[in-house]
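You will see two complexes here that share subunit A, one where it goes with subunit B and one where it goes with subunit C.
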Partner chain A sequence: MSGEVERPGTPHEEDRLLLRATEVAGLPVVSINEGEAVADVKDVVYNPDQGHLLGFTLNKRGFLRGPMKAVLPMDSVAAIGRDAVMVTDSSVCDDKGSPLADEVRTSAGRNVVGNEVLTDTGRRLGTVTDIVVAADRGEVLGYELQGDSKLQGQGGRPLFLPIPVTLAVSGTALMVPATVEPFIRDDLSGFGAAVEEFRAQLSGSSS
Partner chain B sequence: MMRLREAMGLSVVARDTAETLGQLHGAVVDVATRHIVALQVGKGHKARLADWSSVTGVGPDAAVVDSGASLRAGRGDREERMVKGDIALLGGRVLTDRGDVLGALDDVEFDEESGEIQALVCAGVSIGAARLRAVGGYAVVVAAEQSVSGGDGSASGELGPA
Partner chain C sequence: MDALTLVLLILAAVVVAFVAFVVVQRKRRSGGVIAAKPRRNRGGS
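== the complex of A and B ==
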């Protein structure tokens, strides 16, 4: 690692597994204690006010494939991996009545994908195509954007935009500080570190 | 120490009659005690189980059970699914409790006296039996080296005694 100053406190940043929401959708939900797949992830539920996933809506598996009434709150998730969302046992997917389940259900209709991203200096960065999640804690680190042509990297590749822990959302547009621009990446590798640096700068200096 | 794959296909012979009862086609594992608790004789609808207590020995050439009368049908949903092959041990998907697939289960190392499981072998790596969490219809679940479900990672990556 040339030229990088080692920052204590984030030693494992490079090891954190980052996943796009669209990669999590479709993963099986597997119980650790039984080794059974109890559902498939239909979609992730996320509230931009809170900066992390609230949970998942679910599909039934197999012949009866289709949406389930039950939802999986993030509290009941043991781990999100490349190949499965792990829960301790199958009963956690029976949650239909808890306040968290209600929140997951009511939030499920809103969608940040398709929203425009504006900086606080009035520049349009692009349109949200996906969200980037740190698998370990379900924290939302940023968005994948179809950027505006001026910003667009090589050959129309998507851009990865770090976001503050919380941000203002109107339903059609998202507002981010203009200082984010140097931290935009066109590759997910190194994106975790870019998010850390951006957030450290936000909380540290009063520019 | 014995490998389950070596034992697969062995003739299962009754000690009292010297009759061959069938071929060894699998093993029923109790995850809580990490033991093989029964051997599967035959497959499909003819499959029967021999409780480990009725097994007098598993050697290089045969598995011996005390009597043909000790063979029984699968009991309960889990055993029935194992006998039917819905829950696969060898060849089954090995998934960590962090949600990452390690590969297919290549082998199970066990003590041929006690039936105690010593290690799982997956993608050429030996996984200590202490990391086993579940054998289910979707996956064999093992604790990741940095596990979310506690347990000890001390046996991780360690090759079992020869």
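== the complex of A and C ==
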């Protein structure tokens, strides 16, 4: 399945599974204790301030079933795999009124797919088509872009853009430092390493 | 309007309503990637 997108070569990253958020959407949420799927993932919700996943909104199971009011906070997730999101028990899905449900309600319409990415020097890098997350830690590592034609030299292949740990998101545009450009990749192989190098450079220049 | 035409019209209306329901439901089910709004007092490490 296309959910597994990287097998990096370094031992440090061997266990890291990088997933696109849109590949997580639609996965079944499976209860470990009960051994059955309790919902499907609808939206992936993340915190751009801290660069990590907050949780998921859910659909009822079945082709014609609608969205659920319940949400799944990230700290209730046991594991995110290529084929399912695992939870210990079906009761971990929070109903409306939970902090994540409030977060989702107040953030409605802030879908970053389709947003433009601009550098702090005013250069447009492209349009977001997805976000890349490290499944083991729920960390948001970067964006997949339909890039600017000058950047997109490899026959229209998507670009992968590392993001800082903290990031400004306005609702229509995403701001990244101009220093990110050398770390843009057109393949997910080695993208995890590019993210770490980029963040190391940022932390080095700020200290 | 004879009975057959009436039946066909009703069937067509049912089909259109079902297709509209499926389209709306699929749109409601389709997901996205939501960036939570920043909060000044958000907790966390």
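Quick note on the criterion: the second predicted complex is superposed on the first by the 187 of 207 C-alpha atoms of A that agree within 3 Å, B and C clash if a C-alpha of one lies under 4 Å from a C-alpha of the other, contacts with A are read in each partner's own complex, and residues count from 1 in each chain.
Operating definition for what follows: a residue touches a chain if its C-beta (ideal position, glycine included) is under 8 Å from a C-beta of that chain, and two chains touch if they have at least 3 such contacts.
Everything numeric here is computed off the predicted structure, so don't read it as measured data.
*Asks:* Give one of first, second, both or neither to describe whether A:Ser31 is in contact with subunit B, with subunit C, with both, or with none.
*Replies:* Once the two structures are laid over each other on A, A:Ser31 reaches subunit B alone.
*Asks:* Thinking of the overlay built on chain A, is A:Gly81 touched by subunit B (first), by subunit C (second), by both, or by neither?
*Replies:* After superposition on chain A, A:Gly81 lies in contact with subunit B alone.
*Asks:* When both complexes are superposed, which of subunit B and subunit C contacts more residues belonging to subunit A?
*Replies:* C
*Asks:* Return first, second, both or neither, reflecting whether A:Pro177 touches subunit B, subunit C, both chains, or no partner chain.
*Replies:* Neither partner.
*Asks:* Is A:Val44 in contact with subunit B, with subunit C, with both, or with neither (first, second, both, neither)?
*Replies:* So A:Val44 only meets subunit C here.
*Asks:* Let me test your reading of the model: by the given contact rule, A:Val113 touches which partner, first (subunit B), second (subunit C), both or neither?
*Replies:* Second partner only.
*Asks:* Tell me which partner A:Pro67 touches in the superposition: subunit B (first), subunit C (second), both or neither.
*Replies:* Only subunit C is touched by A:Pro67; subunit B is not.
*Asks:* Starting from the residues of subunit A touching subunit B, keep only those that also touch subunit C in the other complex, and list them.
*Replies:* On subunit A, the subunit B and subunit C contacts do not overlap at all.
*Asks:* Would you mind writing out the residues of subunit A in touch with subunit B in their complex?
*Replies:* Against subunit B, the touching part of subunit A is residues 27-28, 30-37, 78-86, 88, 135.
*Asks:* Where on subunit A does subunit C make contact in their complex?
*Replies:* Touching subunit C: residues 21-22, 25-26, 40-50, 54, 57, 59, 64-67, 103-104, 106-108, 110-113, 128, 130-131, 169, 171 of subunit A.
*Asks:* Going by the contact rule set out above, which residues of subunit C touch subunit A in the complex?
*Replies:* Per the stated touch rule, the residues are 21-22, 25, 28-38, 42, 44.
*Asks:* Applying the document's contact rule, which stretches of subunit B touch subunit A when the two form their complex?
*Replies:* Checking each residue of subunit B against subunit A gives 87, 95-101, 133-141, 148-149.
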